[in-house]
Each structure stands twice: as structure tokens, then as C-alpha cells.
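Below are structures written as C-alpha cells.
Below are two complexes that have subunit A in common, paired first with subunit B and then with subunit C.
Take a look at the complex of A and B:
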């Protein structure tokens, strides 16, 4: 947990959950696992508020609790990890992906689950049906079965998963006898790390739920909120046979989807649309057969690829072979050849593609910050690994003085490192080689921290701008409310213009400028998050492969993180 | 020491000067005497943001999500800061917020027992209030009765505390006392509010002093939420 990550997590918590949760959350992030009394004592917040904040954090999966380490009877300890909180940046992207794949219904399901943390299936379906009904015309409403089918599809493709039952929890009885076996006591997890949802066999099993009805439209009145709460209380009293089974969004699956999209769009940019379609087909075919952390997909024969291509593209067989050869020869190494049987066996190299995408990101960062000649030096060092000062000047074809300047600028920014190779054991400066080098992984980590810092700065600036113009914003909101109520009650146009003129022209300009700034800052956050995703995927993929190499090349399928932790502990 | 002192007049560096490429007579950049400026001048301007339909939709999603989170019970407001002068409208305002907080009931099976927030029992408070209504409305008498009611309520609360939290006793020795104090304080505050609520003829939500007028209206969803 670096300082930048903690700062960004604090800001995200503040924006989405309030300042109290921010204080509790940052305290947990900085202090590790703590029990309730320590938190209360050190943050100085009242007991009730701390309890509520912890409930909120646990509900959203940001905090895990377990019984104390000092043996039975010691108070429960709470621990937060910043990974989960940083995902909040990516929520719009998840919702948008669900919309493109599963339409408005899918979009709303994912949005509800992200807002609430985790919910039961029946609760989600009811809320989503109500929301959809709100937006439909008068007299029409959304049937629960449509929403249920969208839910099933999301679970089938693993975008949603069950929340893992608590370690040592007792089996929950289901209300209806027709329900399948509830997530019973799991085998006691061996490791001290919390078990992933995937380690439970019922992770993607949808319970049998009796849910018949249609969405309810809320009456548009001032007491709408109270009525809705009253209705909710009535509806919740019916049980639907899935109490205790909560569902959450499966972020890893979304990340796989984003990764595939990144590879496909990279191929489309580098080569052409047809090659990207071929790669898309290959990835689609290997969706279910490839584990999330695999280095490359399972080998696919050219015949299979030919059969699975979308018919609208009409690619004849010899053209497909030519495209595949092109893809293999490309220096980005997206596709590799794994054999000759079946017309040629081809794989998509996931990890190498990610590494190359990260490398392209680093190069573009250097280019945009320092100019294209510095970028040339950077690319040179990436390719040639270690070079002396003189060699850099020669290979990059840049005059010595300027090359020196650029190298030192890059060195001072820590993008380039200096490696000393002594000729004599006493490291005498005149008898030592000084080689410039670029290490991709540490540089990527450093840039990732820069990205976190950037997003934190953007959020802070946005909060500052809103605070500066708080009075103006409130005034404009009030006037719009007045306008809306006047229009609803059928007022004359003169009254409306009179109300509109309450905001003077310079104030309108100020509001416009403010809106523009805030939109820009928000949009910038979204786009920096794309870079964050790329760098994080690269770092995670490299970290897991290097650990795998340490363990005698044994390939571990499925949930690698926990098993790797165990294995590394066993091995070292 | 002697060697290092002699280098004061000349430049001395820890690394070999020729190998890195600094020849004699080259002017080095001036040494830095103060921290770098807060906003250093950028030689290269950054690229503009990509602007397209997808980006705009993502932007709208993000702002809507933020706005929606603010209205959910997950958004915990700190206890409102006391204003410098106690205002007449305070007693009508403060109870509005607390309702939203207690509205949300998470699945308690998934949370540790100690996080359970016990609602102060409403039954005891309303009984005390109804009792006070029956009596005459003399101020002094009322005050005496109030004290009696409060004491009675404290007793009932204590009994309830002991009954419910016998299971948690091992874990929460001192915490229970703290909780009791908090709940008593809460109970007292709520009791006062309830009493005033009963006394006035006006509907509580009717009164507003114009500060929050129109702030709750979410009907006009075209407006971007900040």
C-alpha cells in the first residue's frame, strides 16, 4: 500500500461513502489489521459511526474480517485492501461493458450491484424491474422474467458470482425444498488468506427462486421516498427462497474481457480490421478453455479457426493462412505458431501481448513528455538492454551533447538506470564501465504510481472547483427545482422567464465554465484509468509468471493467488 | 580529509568524469538551491483527451453513479456540526437525516456480531411520552415528570441491554458501557425530539427555512450531478 494508493483510496471513499467512511478506511489501510476498539480509539469517531462504516466497507467487499490472531476469544480483526477500493474508478467501464453485451437490463443489474455491494438475486431483480418500469411509458411495465433471464445470462458467462460464504459459517437452510444444496460449510481453508469466491463449487449456481410479477411504477409525489420505503418493507416480507445467497460483480471476468478488447484493438490499429477479426475469433473460441492467468491460449488449428470465423467476412482459406502468417511475423508477437498439425496450430500470446502493450505505453509516455528523440533513445535502450554513453550516441544518431542532455533528463526522472560494471574490485571510477539500461517492470510500477497520483490530483482539483463555486451551484440547483415545479404545475412563460433571469449572464458563464472543467477532469480520470488497467494487468501477469518459474515450472490452474502464496511459503 | 579539502577549488565527482562524457570546459547546469517549483514549466503540452460518444457516455455514467451513491444509505454523514447559535429550526431538521441512516439493514449473518447497531427501543420512549401527555401541562410538573420518565427509560434500557448482550459480554466489557452511555444519550435526544414532535401542531416536514428548499429534488435528471 503506497502513499499514493492510500491517498487515492481516501478520496474515492470520501466521494462515494462520505467522510466518516473515508477516515475509518484510510486508518485501516495505513494500520493493517485492527480490532474495533483500536479503530475507535485512534480515529476518535463515535462507536456507532465506526460500526456503520465497517458495515458499509464489508458490504462492499473493501474490508474483510476474521477472528483475532491471538487465539480464540480475541476480538475480530478488520483488514482493508486498496485493490478493491481502486476498482471504483473502473465502475463506469464495467457498466458500459454490461450495456454493450446485455443491453439496458444488464446495465442496470450491474449498476445496482455495484451501488449496493452485494444483494440477493430477488432483491436485484425487483429493484431493476422497478427502475426499468419508471423509464417506460405509462401503462407498460417490465416483467420479472425478462430481468431474471438477463441475470441468468450474466451468471452463465461468469460476470456475476456468489459472495463467498464466511469461513466456518453454518449451512444456511433454504426456504423451498426445491432449492439446490445451499453453499454449505466449505472445507476449512488452509491458508490464512481469505478464500476467493472461485474456490467454492457453488460459485456460479443460480438458486431456484420463485419470483413472479412485474415492476412497480412509483407515484411521482413528494412523499415518493416514503412510499417507496413502505412498499419495500411490504415486498421484502415475502421470501423467495434465496435468502442468504448474495451476489457480487466478478471483476476478474470483466478484466479478462477488457484485456481481450485491448489486444483486439491493438491488432486492428497495427494491422487491419480483418486480422483483428481473426484474433477476436481465436479469443472467443478459447474463452472457456483458457484459465485467467495462462500465458497463452490453448493451440487452435487453422481449420477450426476457419470454421468459426463470422460468415459476414467471407475470408477464403488461403487468405486466412496469409493473415495468420502476417500475424506471426509481426514483431508485437500477438499470435504464435505452436505446431504444424491441422493446417498449423496457433496460439494467442496473452502475456507477451500485455508486455508489448505496456512497453508501447511506456514509450508513448516518454515521447509525450520529453520529445521524440528522447523516445528514440528510450526505445533503443529497451531493445539493446545495456549501452554505454558513446554507443547510445552512435546508435541513436543524435549529436553527443544533446544525447547526453536527454540521457541525463531521463536518468533524473528515473526512467533510465545506470549500471556499474567494475573492472577492478575497488570500483574505481576510471576503471568501471557505466552502462545505461531500462528495466521494463520497475519502470512500469513507477509509472503506475504516477498514474495513481495523477488521478488523486484530478479528484482533488475537481473537489476544489466544486467547493469554490458551491454557492453558485446551489443557487442554480434551487432555480432549476423552482422551474421544474412551476412547469409541472403549469405556469405561464413570463413566470418561467422571470425565474430564469434570476441567474445573471456572468453567473451563467461561470456555471458553464465550471461544468466544462468538471467534465474534463472526470473524463481525464476515466482515461487515466485505462492506462492504469493496462499497467496493472502487465504487472500482475509478469508477477505471476515469475513466481511460476520459481516453482520448477509447474503450471497451477485456477485460483493462482492463494495457491501461489502457499507454494512460495512452502518453497522458501 | 586532506584530499577532500583540496578539492574545494576544483570540481570533484564520485564517478569518472570522462566516462560519462563531461569534458573539461563544459558548463554544467547550475546546482539547485531550492525545491523544484510546484508547477514546473512544461516544454511539451499534453495530448488532448479523446472525445467521442463512448467517452461522453462513460462520463455521464460516472457522474450519475456518484450522485446516486450520495443518496444511498451507504453514504454516512458525520453528525452535523453544531452551529454557533442554536436556531429554532434545528429541532425540526436533525431528525430527517437520521432516518435514512437507520433505514438500511444489511444481512447481519454476513457481519460479525459486534457490528450490530441496536436501535434504541421506540416502545419505551412512546410510553413515556403518552404518560406525560395524560398529566397536566404545568411546566414544573412536566420537568419533574420528565426526569422520572428518563430514569424509568434508563432502567428499561439497561434491562434490555443486559438481556440482549449477554452473549457478547466476553468480548465487549468496556465497549458495552460505552454503548450504554451512547444509547442513553441517543435515547434522551430522541425523547426530547419526540416530545416536541407531539406538542406542536405543525407537521414536521412542513417547516423549512429555505436553506434546503429544492435541494432534494432529483426529478430533473438532465442536470449533471457533481
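Take a look at the complex of A and C:
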């Protein structure tokens, strides 16, 4: 956890769960695995509150507990990981995706589960039905079975999964002391971490649940009571046969979906709509057969692709072959050919596509920040790996003085690195080659940290703006409450206007401006989150591929042999 | 006695005769003659006399001494150039020779000193002399602006010295390069659009959106925006900058030797492309472009709460 990640997690925890949880959470993030007594002692918060905060964190999957390292008898230790907390930033995107795929019902199911962390199926269905009924017209209500079917569909496509049973009840593999993951395994969690939900065979099995009924419309009541009711878990006396089986949102599946979407839109931008439809079909066909960490999908034959194309795209077979050939020839290498059987076997190169997208992100950052000429130099260095200053000037066709200036600016921002190749053992500056180079992976990591800092800045600014106008906001809320109550009890229009005039015009303007600001900051957070997603996927994908390829020794991404030919040709 | 006299006379007359004969031979073989040829022609000539005659001709400046793989060559010197050097002494001739050898790349004064082993002051004097006689000229090198290289007066400086088509008077013409850049890009872009609108099969569409470097070269030459003649290599460097701008992509295909524009059996094809992603989310926020990003932290002079860039951006 870097400092920026911890700061961002703290802000997110504070916004969603309050200050106490924030304190406990950040303490756990900074301190690693600790037991209860240490937490209480070091944060100075009372036992009761610490217990409740830990409950909240565990409920949302942010904190895991296991028996202590010192042996079977030592107290349980709690550990937080910032990944899960950073996902909070992406909740709006998950909810929106569910809405586009499964409609309002799906959206509400995902929203409920995200808010509650873990919930049983019956509980979810009832709550969602109630909410849907709330928004429908008088006299209509939502049937449980409709919500159940939406739930089934979500489980079928693996967007929802069962929570893993508690670590204590599990076989030994979760409690073994830390052993280094044997080389060659795909990116699996280290054996000390709790087992993934996927390692259980029942992960996606829907329990048999007896749930008959319709959603209940909530009666109009005071605001205070509503709040209290919403916070308390609805204690239902009915049992439905699925106690103890809690469900959670499967973030990985959503991430795969986002990744596929990114690839499809990149293909649409670069080539055309039809090619992107073909790639979409290929990805849809390999949804269940490809593991999440694979670098490319399983080979699909052209015949299969032709059969699975959506019927609205009436492409004759030879044209499909042409499109596939074009996709293969494209320098971005989205699609590759893996053989000739079945009319040609094609794969989607996901790792390559992610690398290209990450590279485009880096280039776009340099372009917007430093100008298109610096972007030219940056792309040149990405292509040619190592170049001397003179060569950079010649290839980029930029006058020497300006090129030097731009290179030094990029160097000071650490986007470009300098590689020294000495001619003599004493590294004398006049007898050393200095080559400029760009390493994609470390630069991506650096930009990712910048993104975290940016989001934290945006969140802080938003909190600051709300705090500044707190008085005004409270006043407007009070007035709205008065208006609502007056309207409900039937008042004359003059009274209403009188109440409305309690807010002056400049105050109204201020409120309006505040609303705009906060919306802008919110949407900016979402946009930066998209960048975060791309960079994170690229870094994870590279880490897992290099782990797979690691046979003898460490081979870092981006480190290649230096083109000595080029260097010596320019040499003196 | 008389024989001796006669011999002497024949020797003397022989000397001039020998020289004339050698000159005639030189004229017969304009590429140069070797010792062997002279010996074959005048077998009765002693090597010493031959050497004397040749030396006389050399010092008169009528003969050029060259060396090739098989030995020494003597060549008739141009009468005109011979007249030029009249009045110059040996040192100047040596320096002139050295500069002439450098061809159109020119030679630096320090290199002249190495080659001729003359002291610096002498060199400078001789260079000034030769320049005033309009036999050599100094050309400023584009690589190091303080360095002057000398070459013969009537030679065109080589591209590496003047920088080629992109430099005029030692200045890099960036606007010229920019204009060419945009023109090439527009040409490729319009070609790609035409191909896209033609609604034919995708393969044909893609192939027709390609343009060979030869076509681009012809288009630019016909546009006539360039004062100097641009070669195909120049156009290829411009197209390469477009590739580094991310606007154009290139493929190489094998072409028959005879087709127009092919170099070594290959042809380079260029086409305009669209960017793969929109400008990324990070740069849509002020923090992504902030020059003081690293100094910003909560509670400091520069912090998100009092950031002026954010204030401006929010009110936009």
C-alpha cells in the first residue's frame, strides 16, 4: 500500500462508513495484520466501537480474519487490503453496467448487495421488490418471482457469487504459514490469504428457496423513522430455506466485462463497427471458457464465429474472412491467428490489447500535459527503445534547442529515463553514451499512483465545498422539509410561496453553483476511475504473464537488449 | 672525347626530349601512366634520368603524382589548374591538394594541419591567401555552428554539412517541416475517407486507403510548396514523423523490381488511422495537467481545498 492508496482508502471509508471506521481501517492498512488488543491500544478507540467497525469492514469483505501466526492459541488477527476498499470508487460503474444488462431489477439487486456487502438471497429479493414497488404506481406491486429470475440470471453469468464460508471452518490450506507461491502457478493468492470464493464448488449454485409473495409498499412516515428502519436489518420472522448462504458481488466478473468493453470500443475506434461486432462475438463466445488471467482466449474457428454472429449482421462468409484477415494484419494485434483448421483458428490477444491501451493512455497523458511535440518524442522513444539525443532530434524533426528542452522536461517528470553506456570503465561523461528510453510498465505504475492522488484530491475538494456551504445546505434542507409537510397537510399557495421566499435569489444561485460543482467533481472521479481501471488491468496482466514466463531468472517487462548498432552508428 | 661530348649533349637534349616524350605519353593515356609504360617506351633511359625528368615535370606542376594499387601513376595536369597555381609556393599547393581531396564534405583546419604537418600560423596564412584568390571557400557546418570546413570554391557542399533540404542557412526550417507534415497528413486522410465511403468489401477498402511513398512524393512535388527539390527519402522522413504523431501507420510490401517507387524490391505504404482511445480520464481533471502536482497536499500552501486551477475549472 502506497501512501496515496492509503489516503484514498481513508477518504472513501470516511465517506461511506464514518470517521471511526476510517480510523480503524487506515490503521489496519498501515500496520498490516493486527489483533484486537493492538488495534484498541494504538487507535485509542473504545472496544465497542472497534468491534463494530471491524464488523462493518468484514461485512463488506474489506477485512479478513484468521487465527494468529504464533500458533493455534493466539488471538485472531485482522488484515485489510486496500484493493477491496478502492473498489468502492467503482460502484457507480457496476450499477450502471447491471442496469444496461439486466434492467432496473438487476440494477437494484446489485445496488443492494453493494450497500450491504453480504446478504442472503431471500433478503435481497424482498428488499428489491419493496423498492421497486415503491416506485411503481398505486395499486401495482412487484412480484418476487420476477426479482428471483433476475437474481438467477445474475448468478448464471457469474456476476454474483456466494460468499466463501468462514475461514475457521475450512480445511488447513487457509492457515498454513506463508510459503512462497511455487513458480509456474497462475496468479493465485498466496496460501496465507483466505481461499477465493471460486475455489468452492457451490460458488454459483442457487439454493432452493421458497419465496412467494409480492413487494410491500412502504407507508408514508416521518423521515426519522424511515432512516431508523433502513439502518436496522429487517428482522423477518419468515425463513426461506437459505439461511447462512450469503451472496456478494463478483467484482472480477465485472472487471472482465469492462475489459472486454474497452477492447471492443478500441477496435471500433480504430477499424469500424463491423470489426468490433466480430470481436464482441468472439469475446462472448469465450466468456466461460477463458480463465480471467489468460493472455488470450481459446482459439475459435471461423466457422463457429460465422455461426454465432448476431443475425442482424448479414455478412457473407468470404467478407467475414476478409474482416478477420484485416484484424490480424492490424499493427495493434487485437486478434491473432492460431491455426488453419476449421477455416482458420482465431484468438483475441487480450494482454496485447491491454498493453496497447495502456500505451495509448500514457501517450495521451503526455500529449495533454506537454504538447503534441513532446508526445511525438515520447512515441518515438516508445518505438525505438533507446536513442541518443542527436537521433531524437533527427527522427522527430524538431529543432535541436526545443528538442533538448522537451526531453529534459520529460526526464524531470520521470516519464523518460536515461541509460548510460560507458566506453571506458571510469564513466567519464565525454566518453559515455547517454541514451533516452521509456519503460512502459514502471511509467504505468507511476501514473497509477498519480491517478490515486488525483481522485483523493477530487474527493477532498468535494468535501471542502460541501463543508463551506454547510449552513446554506442545512437551511435549504429545512425549507424543503417545511414545504413538504405543508403540502402534505394541504396549505394555500401563499403560504408555500412565503416559505419559498425564505431562500434569497443569490442563495439560490449559490446552491445551484454548488450542485454543479459537486456533480462535476463526481463525474471527474468516475472518469479518472476509468483510467485507473485500464492501468490496473495492464499492470495485473503483465505481472501474471511474467510470472508464467519466469523460467530462469527475472525478466522485466520493457527491458530489451540495447541497440548497439544504432548507438555506434551515431557514435563519435 | 667527342663521344663524351656527344653523350652529354644527347643527355641534355635527352632530358627535354624525355620530358616531352613523357608528356606525350601522358596525353596519350589520360588516366595516367606508370613507370613501366615509360620504361617500355624508352628502354634506353636510365632510371635516374627518368626520375629526374619526372621530378622536373612535377615541380613545374605539369604532372600529377598518384598512387594506385599497382604502384605510382603519373597523370597530365590540367593546364588551367596548373596556371592557377602559378605564383603559389609548394606549401600552398600542398594545402590546396589536401582540400581538394576532401571533396564536397570539406575539411576542418585542424585536419588540414594533421595532413600537411604545417604549423597553425602557416596554415591560416595560406588559407587566407587561397580564399582571396577564390580557390577555396569556407562553409559553416550545421552540426557545430562554430566549426568551419573548407572546400573548393566551385563545389556544392554535401548534405551532411548543410543539413539537406530542411536547413536553409544553418537554420532548421520548422515551419516548412510543419507545413509538409500537415499536407501529407491531409492527403492520406482524404484518401482514407474516400476509401471508406466507397462501401466496397473491406479488403478493397483498406488497400485503396494505402498510398505508397512515391505517390505522396509526387503529390507534394505537384503542390509546389517546396522551394527545394525534395527526394523520396525526405518525404519518408516526414511520413515517419507522422507515424510518431500516431496519425499514420506504415507497412512494407514486396514489389516487383520494375514498379515505380520500389526500392530494393520493397515498397512502403502509408495510411491515415484513427486514434485508439479518446483522451484519457486523468487528463480531463485539472490535477492531470497540474504543473505543481507533486507539491500539492492537504494542509499545505497548495492543497485541493484552495487550488485555483480547480476553482477555475469548476466555474467553467
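Keep in mind that, in the parts below, the second predicted complex is superposed on the first by the 515 of 572 C-alpha atoms of A that agree within 3 Å, B and C clash if a C-alpha of one lies under 4 Å from a C-alpha of the other, contacts with A are read in each partner's own complex, and residues count from 1 in each chain.
The rule we apply is simple: a contact is a pair of C-beta atoms (placed from the backbone, for glycine too) under 8 Å apart; a residue touches a chain by one contact, two chains touch by 3 or more.
This one's a predicted model, so the numbers in the text were calculated from it and none came from an experiment.
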- Identify the partner contact of A:5: answer first if only subunit B is touched, second if only subunit C is, both if each is, neither if none is. neither
Exercise. Return first, second, both or neither, reflecting whether A:474 touches subunit B, subunit C, both chains, or no partner chain.
Key: first
First, second, both or neither for A:332, with subunit B first and subunit C second:
second
(message) According to the stated criteria, A:269 is in contact with first (subunit B), second (subunit C), both, or neither; which is it?
(response) second
- Message: Between subunit B and subunit C, whom does A:19 touch in the aligned arrangement: first, second, both, or neither?
- Response: first
### Task
Have a look at where A:357 lands relative to subunit B and subunit C in the superposition and call it first, second, both or neither.
second
Exercise for the section: Check whether A:457 is in contact with subunit B, with subunit C, with both or with neither, and answer first, second, both or neither. Expected result: second
- request: Scan A:76 for contacts with subunit B and subunit C and give back first, second, both or neither.
  value: first
Message: Between subunit B and subunit C, whom does A:365 touch in the aligned arrangement: first, second, both, or neither?
response: second
Note: overlapping subunit A surface for subunit B and subunit C spans 368-369, 400, 520, 524, 526-527
Per the touch rule above, subunit B residues touching subunit A in the complex are 14-16, 18-21, 43-44, 46-47, 49-51, 54-55, 57-59, 61-63, 65-66, 68-69, 72, 74-79, 101, 103, 106-107, 109-112, 114-117, 170-171, 174-175, 178-179, 182, 186, 213-215, 217, 219-220, 223-224, 226
Within the complex, subunit C is touched by subunit A residues 265-266, 269-270, 272, 274-275, 319, 322-323, 325-326, 329, 331-332, 356-357, 360-361, 363-365, 367-369, 372, 375-377, 379-380, 383, 395-400, 447, 450-451, 453-454, 456-458, 460-461, 464, 513, 516-517, 520-521, 524, 526-531, 534
Given the complex, residues on subunit A that touch subunit B span 15-21, 36-37, 46-49, 51-56, 58-60, 65, 73, 75-76, 91-93, 95-96, 111, 114-117, 163, 166, 169, 172, 220, 229, 244, 246, 368-371, 389-390, 400, 404, 429-430, 432-434, 466, 473-474, 477-478, 480-482, 484-485, 515, 518-520, 522-527
As the complex stands, subunit C meets subunit A at residues 166, 172, 174, 177, 181, 196, 201-203, 206, 237-238, 240-241, 244-246, 249, 251, 273-285, 287-289, 293, 296, 298, 303-305, 307, 310, 313-315
